[in-house]
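Just so it is clear, A, B, C, D and E label the chains in written order, and each chain counts residues from 1 on its own.
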Amino acid sequence: MGAATAMPADTTMRGQDVVLDAVSMVFGDFTAVHRTDLEIRAGEFFSILGPSGCGKTTILRMISGFLDPTTGSVRIGGAEMRGIGPNRRPTALIFQNLALFPLMPVWENVAFGLEARGVGRKQRRERAMELIDMVALRGHENKLPGDLSGGQRQRVAIARALAVEPAVLLLDEPLSALDLKLRQHMRAELKDIQRRTGVTFIYITHDQGEALTMSDRIAVMNQGRVEQVDTTDVLYDDPATPFVATFVGEQNVFRGRVAEVADGFAVIEGPDGRLRGRNRQKLAPGDEAMVFVRPERMQFLNGAALDNVVSASIDRRDLEGPFVNLFLKRDGNEIMVHLTNSGAAGRDLGGEQRVGFAASDALVLPAGELARD
Amino acid sequence: MTAATLAAPATPVRRTREGRWANVVLNVYMVIFFIYLFAPLLVMTLAAFNAYDYPSVTQWRGWTLKWFDALAGDTRILQGLRNSILVGIGVIAVSIPLGLSGAFILTRLQSRWNGVLYGVLVSPILTPGIILGISTLIFWRNFQVPGGLFLAMMAQATFIASYSMLMFLARLQRQDRSLEEAALDLGASSVHVFRRITLPFLAPTIFTAAVIAFLQSIENYNTTVFAIGGNWTLVTEIGSRFRFGLSPVINVIGVIFVVLTIIAATVYVILKERDRKARMAR
Amino acid sequence: SSGTVNVFAWGDYVQDNIKDAFEKETGITVNLSTYGSNDEAENKLRAAGGKGFDVVFPSVDTGPNYYKDNLLAEIDESKFKVDEVIPSIYRASINLGATNRGKRYLIPCDWGTEGMTWDSETMPDLKYGVISYGDMWKPDMNGQVAVRQKSVLVSLAIYLDATGEVKSNRAMDLYKSEEECKRVFEAVTKYAIEHRQNIGAFWNNATEATAAFTDAGCTIGQTWDTTGILLHRDTNPKWRYTMPKEGGLGWIDTMGIPSGAENVDQAYAFINFMLTPEAGGMFANNTGYNSAAVDADKHLNDEQKAAFQMAYPDPAAIDNLWWWPAQTDFFASLRSLYSEQLTNA
Amino acid sequence: MGALVRTYGRGLTTVFVALTVLWMLGMIIVPQLFMVERSLWTRQETSQITLQIDRLYNEISTLQFDAQAAADADKPAIEDRISDIEEEIAELEAQEKAPQRVYTLSNYTRMSGLHLRIFVRTIFYAALVTVLALVVCYPIAFAVAQVATPRAAAFLMLGLIVPYAINELLRVYAWLMILDYQGVLNTFLDWVGITNLAAKQWIPFLESPVSVFVAMVYAYILFMVFPIYNTLETLDRNQLEAARDLGAPTWRIHLRVAIPHAKPGIAVGCIMTFMLSAGSYAVPQIMTRGTSGDWFSQTIYRQFFESNNWNVGAAYAFTLLVVCIVFIFLMMLIFRVGVRDIAR
Amino acid sequence: MGAATAMPADTTMRGQDVVLDAVSMVFGDFTAVHRTDLEIRAGEFFSILGPSGCGKTTILRMISGFLDPTTGSVRIGGAEMRGIGPNRRPTALIFQNLALFPLMPVWENVAFGLEARGVGRKQRRERAMELIDMVALRGHENKLPGDLSGGQRQRVAIARALAVEPAVLLLDEPLSALDLKLRQHMRAELKDIQRRTGVTFIYITHDQGEALTMSDRIAVMNQGRVEQVDTTDVLYDDPATPFVATFVGEQNVFRGRVAEVADGFAVIEGPDGRLRGRNRQKLAPGDEAMVFVRPERMQFLNGAALDNVVSASIDRRDLEGPFVNLFLKRDGNEIMVHLTNSGAAGRDLGGEQRVGFAASDALVLPAGELARD
């Protein structure tokens, strides 16, 4: 835990920006990535978030140079990358399974990129030791990767990638093999290393928690397309599509048809009655629409008047620790209410309940594909 | 299908620039290698259709099928084939139970002797074949058992059992031991567990091991030649014909085996491919 | 009579015509196994403990190898028609290894020679009366000579005895005692190694011998009669076969009954049949060897007669033959020692 | 053993143990011990006296044969001669001793200089074949394991296996047909004009050990390819990519990542190839037609089946076995693999 | 999803109680389970929760009969179990990896226990079909386990275990191989099956979320010892030891020494000043102590007066979706504040802050080992 604070900053590195310009990737007759434009700023922590198979790795491999885009171009620091192999790009890749060299001790792993560049053994080792210090692994330099813990291995992979002083670090779900606690811990550490080195991080994940906690900006992908690029808060509060709305965080979804629009709000009519929410995408009356409300914005009606009210019966109460999730049933539709564990949260509830939410907490979007459960 | 098209880029790995040159070299090498691999087969096959009395392709005397007829009438070769099959079946019968027993013991024996036992049981694989033949011959001599099909079978089984054992070991190592525990927990007796869980799990391996044992037995020369005594198998017969009167009948045998293998292998690949597709479809 | 007889013979000895004729005449079924060299026959029999076969065809000089391990049964001369065998051959065989300590184990079946085969197109000067073992050791024959490891040292001894370089009583000293044997082999091997570059191929059996000329590029060599004759007849008439002036190497193949034979009566029936004039003739026509049966020559075909004429143009060629004496232990092991030296030189 | 009984019960366990013991003792250990025992004694050679007796007997037989045909008048003389000889035989037989079994190391120590040379050369050549096979097979194993698509890999595998459908002897013989004086290669070169067969100008491939190497590497390719393939197949492709991403050229990727990973496979392949080639009888026999030097296996064969000297043969066989064992341990040491790794 | 509600109840089974009486387990010279007493009531859903290697599986294997306790005895339904093999105990075990027989179709898997008891094929199949109905797998009975989804496999394992009509079902982390969503779904299903069959469930997990959502009671283990046995709410609100406090849910920890005690409260003096919390374990002045406060009970001081106040600077804000975690730094010590995502939660905060908590929300415990991060 204390590792992060003890790490010295490394000032030899500097991030560069990455621009994908009308890039697409077709394998045979399957389009893995549709025409995409993306600008990643120098020195930012940028995440690409999406379900499995949506094309995240493909984008990463185009940036790193293992794949040539079918159309469009990749520019790093302004320089066109077509025709430049992975070993000559200012990028370094961290693989999902880390791909540490199991037969080399830690320091040789870290020094491998230097070895490949013909740096002498002594210098290599010195520089490797600096990086090993940076990731707080001093004392482990002669161990084999197999003898390290998951988190330590993670740090070796980072040090190895940083050893070649990349301007852009590409991380392909680097935490997915770790267990929950360690994953949460490494989030902070990764973020910290990024801040100290100033290197551009492009981070791939299908775990929204990871993306939300670490990133400056996030691109959400679905089936080969980028659906939204925004900061974490905007993404969470103002998702652009039903997919983004449901993929990032939990949502209660109500379907219906727009009945009225006024003042940036829309009223939807559906099986759950009339519901009012923000109409950011300027839907017109008659449009098929969906209303999204976060479970934590749902409230029990203890006398308070709310814009929208639904009644349902409590089915289950899941104590998750710091919070409690209540599940309410309504005609086979499930409504989820998120309550902070106030000691007695929801414990005294039972039977039919009326829950509601403010119109400003609800978002109306055109009907569309939801993220698969 | 040439080696070059086989090795055609299929994964992104080889799209990299630096890899490209290395890949050209590798492809060229593969082509040469497969020529090396198949040239003898081609020569062998052609010679089977040459009317010349000795196996040859340079002394071309016209196409003929007479060697196929000759094979059909060659009682020694046919008898040799029968003997080979007999020995092969014997080898299966001996080496599969031995291999299974060895594998069971090695997977379960928790003792420092395990390593020693393992060493002893795989040693026949690492022993030159002629030595196995010789020691078998010398050993059985003491019991007045002369060389013959039986000794050939025993000598072969000595090392083929080791191969089978290795296959069973590999399979058993992949066995999830909790399966047997689960069965016990559900009230099954140990014999029931063996019959219902362990054997079915090993069944495919037993089948492959039997096939491989049979093929190894049929193919074996170095060991057999010492232990076969006055009898003969297909291979020792071919061997002795090297010493006396080789005719293209031998090539015909080769051609038949190649054709059979290609058919078997193709069927295998097709089945596997279908299996793979079926699995992907799920 | 009836039953079966398990015959263990040289590959070309018992061909279908002989087998059919025998089976038709006696009603006995022939179970045939074949071998390609004396070693093979001997060792298979030894490995099988003398069991499994009823008749074998060892070369007469290898007899002692069988006696040592009691692999053969004594011949019962009452069951076998001695008159069928050419008497001179029958007599000669006694000393060549057919008997042991007063008992006979082997009956001559046929004889043949090892003489010179050469390419008459590139070497038109060579012919019977001129050709010598020495022609193989001439300086300009690089890689063109085919010889048999087991016999080349003996023929060379005969040649060097004739030229006077290494005295050996026409190679008979090789059998006299271990010391003499060593002396002669030593000298002969030295000579052979000095001329090693001439040797293009060693052969150990008929196939290899043929291949030596057709595939390995040899133009002259020492071969069995059948190799030379068949090369002449089937491959190219330019190939000739005849006796060298020092005398060809003569061998006699015999028939014997293994000690573990089970069908002894049938074995005698088979042996007697093989030595009838008709069978003898058939045998000679089949193989190109010469039957030891009385009157077999009356049944020879023209081809075979012509071949005989080429190989032995006059009776002296036969009289002058050098017959392989019965092997002694020291001879066998020294011969393989020195031939190994030659091979690996 | 406890675990065994617990899982399979007492009855089955007994069967397994019995079978394994039978195999281990009756088929592996004891036969080898018998071979070693056989290599430790000799029978004294028959003496000159025995030879003399044999010859005298033959003389009697000849005289007896002659007597049958001889005129009655000559018969007494012949019979006298026979009885003289019989007396002589009786005298000699008194001196003859039955050959005895003597335990000695002489079967080992008396290995002639020539055989020793053959032995050393065989080991050297076998090592050379092993290295050659490694060099030839590594790229193939790598290509099949790492570069080819699964489909192509299946076909490549098939291509590797098909030649093994025909027997080793035939495979090697096919090479003879290719490398011979009038073989495919020389004929081709003749056609191209490099050699002139009619003028007896050809390239004597067969007359050099090279031909044996070519055929032997060919004969044992599978035994080298498969173990290496098996290990390389488990090499994570990401490691290769990681190495490339870090800037390593192809050769360094192999040197630092792929080859170290394949070490156990390489060790096993080398052990198998060495063992097979050091003990190969058929390949040198066929490929050289006996003209170039022998391999030790041929010498062993000759001890058994030509010189009829099983004891020396057993001694030689045991020597070969010892060298193979030493080689195995050496490889295990160099490549730091355990016996267990040979299990694949 | 709807499966649980469609399942008929099975009335043939009845749970039994399990008593561990002074049980311990020693392997060689390593004590995997120290002397333990435990009473599991008939028909309850009992969880054993603890970090990896703490001895959970060992306890389970002693109950199922694969291990004999070194000391003490196991009683099931009052009957002493020593000397009775796993195949003769009224328990059934569900393995972590399920251990379904891959070569048998679903129904044969389910019927295996009956087969082992010599029940005829027809009867076996009938009974198996009943159970297959119960776990809502009708229609899948002839498939092989390999052809089922993770959740379906899970249900087969349950049906197979229930087929032998055990009085006690032992489950060894049965959900750990499933992915997150499915895991959450299966929780409800397991709980439901337990409720309907009335069989005693002993459920092992190292995931506190699982234990909290499903169990009637939970035993928390650490290093071979049971530290607390209680219902979920008690465990969360009143942990008995520092280990339990920190292993179950997140905690902010303050160290110090007891200065005063009064009215069931204690005042602790430490580097963070004077802090007041509930003194359930009756510590006396001078005792080394720790104060535990849940992150969701921490509040920013917007004028409100609170018993305890600490000032610290905001270091990091992790948006987790429905809630936001704020991390404050204070002399190298980290304070975590859990806020429901109210749209603007914590976004406007920065710099030095004063946070506090009510004395009734804080718990004072004797100083001790914390759960490893």
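Here are some notes:
Rule of thumb we're sticking to: contacts are C-beta pairs under 8 Å (C-beta built on N, C-alpha and C of every residue); 3 or more make two chains touch, one makes a residue touch a chain.
The UniProt protein names, listed by chain, are A, E = ABC transporter ATP-binding protein; B, D = ABC transporter permease.
It should be emphasised that the depicted structure is a prediction, and the values quoted were computed from it without experimental measurement.
Look at the CA centroids: the one farthest from the centroid of subunit A belongs to C. Superposing subunit A on subunit E by their CA atoms means rotating through 175 degrees, a value rounded to the nearest 5. Averaged C-alpha coordinates put the centre of subunit A at 53 Å from the centre of subunit B. The centroid of the Cα atoms in subunit C and the matching centroid in subunit E are 92 Å apart.
Rounded to a whole number, the gap between the C-alpha centres of subunit A and subunit E is 29 angstrom.
Residue numbers of subunit D whose C-beta contacts span two or more other chains: 182-183, 241, 244, 249, 304. Contacts with at least two other chains are made by residues 13, 16, 18-19, 56, 59, 189, 242, 246 of subunit B. Chain contact summary for the complex, subunit B toward subunit E: residues 176, 178-179, 181-189, 192, 196-197, 200-201, 282.
Listing the residues of subunit D that touch subunit A in their complex gives 236, 238-239, 241-249, 252, 256-257, 260-261. Residues 8, 10-12, 32-37, 40, 44-45, 47-49, 51-53, 204-208, 210-211, 214-215, 234 of subunit C are the ones that touch subunit B when the two sit in their complex. Of all residues in subunit B, only 1, 3, 6-8, 10-11, 13-14, 16, 18-19, 21-23, 26, 29-30, 33-34, 36-41, 43-44, 47, 55-59, 97-98, 100-102, 104-105, 108-111, 115, 117-131, 134-136, 138-139, 142, 154, 157-158, 161, 166, 169-170, 180, 189-191, 193-194, 198, 219, 221-222, 225-226, 235, 238-239, 242, 246, 250-251, 253-254, 257-258, 260-262, 265-266, 269, 272-273, 276 touch subunit D in the complex they form. Partner subunit C is touched in their complex by these residues of subunit B: 53-54, 56, 59, 75-76, 137, 144, 146-148, 228-232, 240-246.
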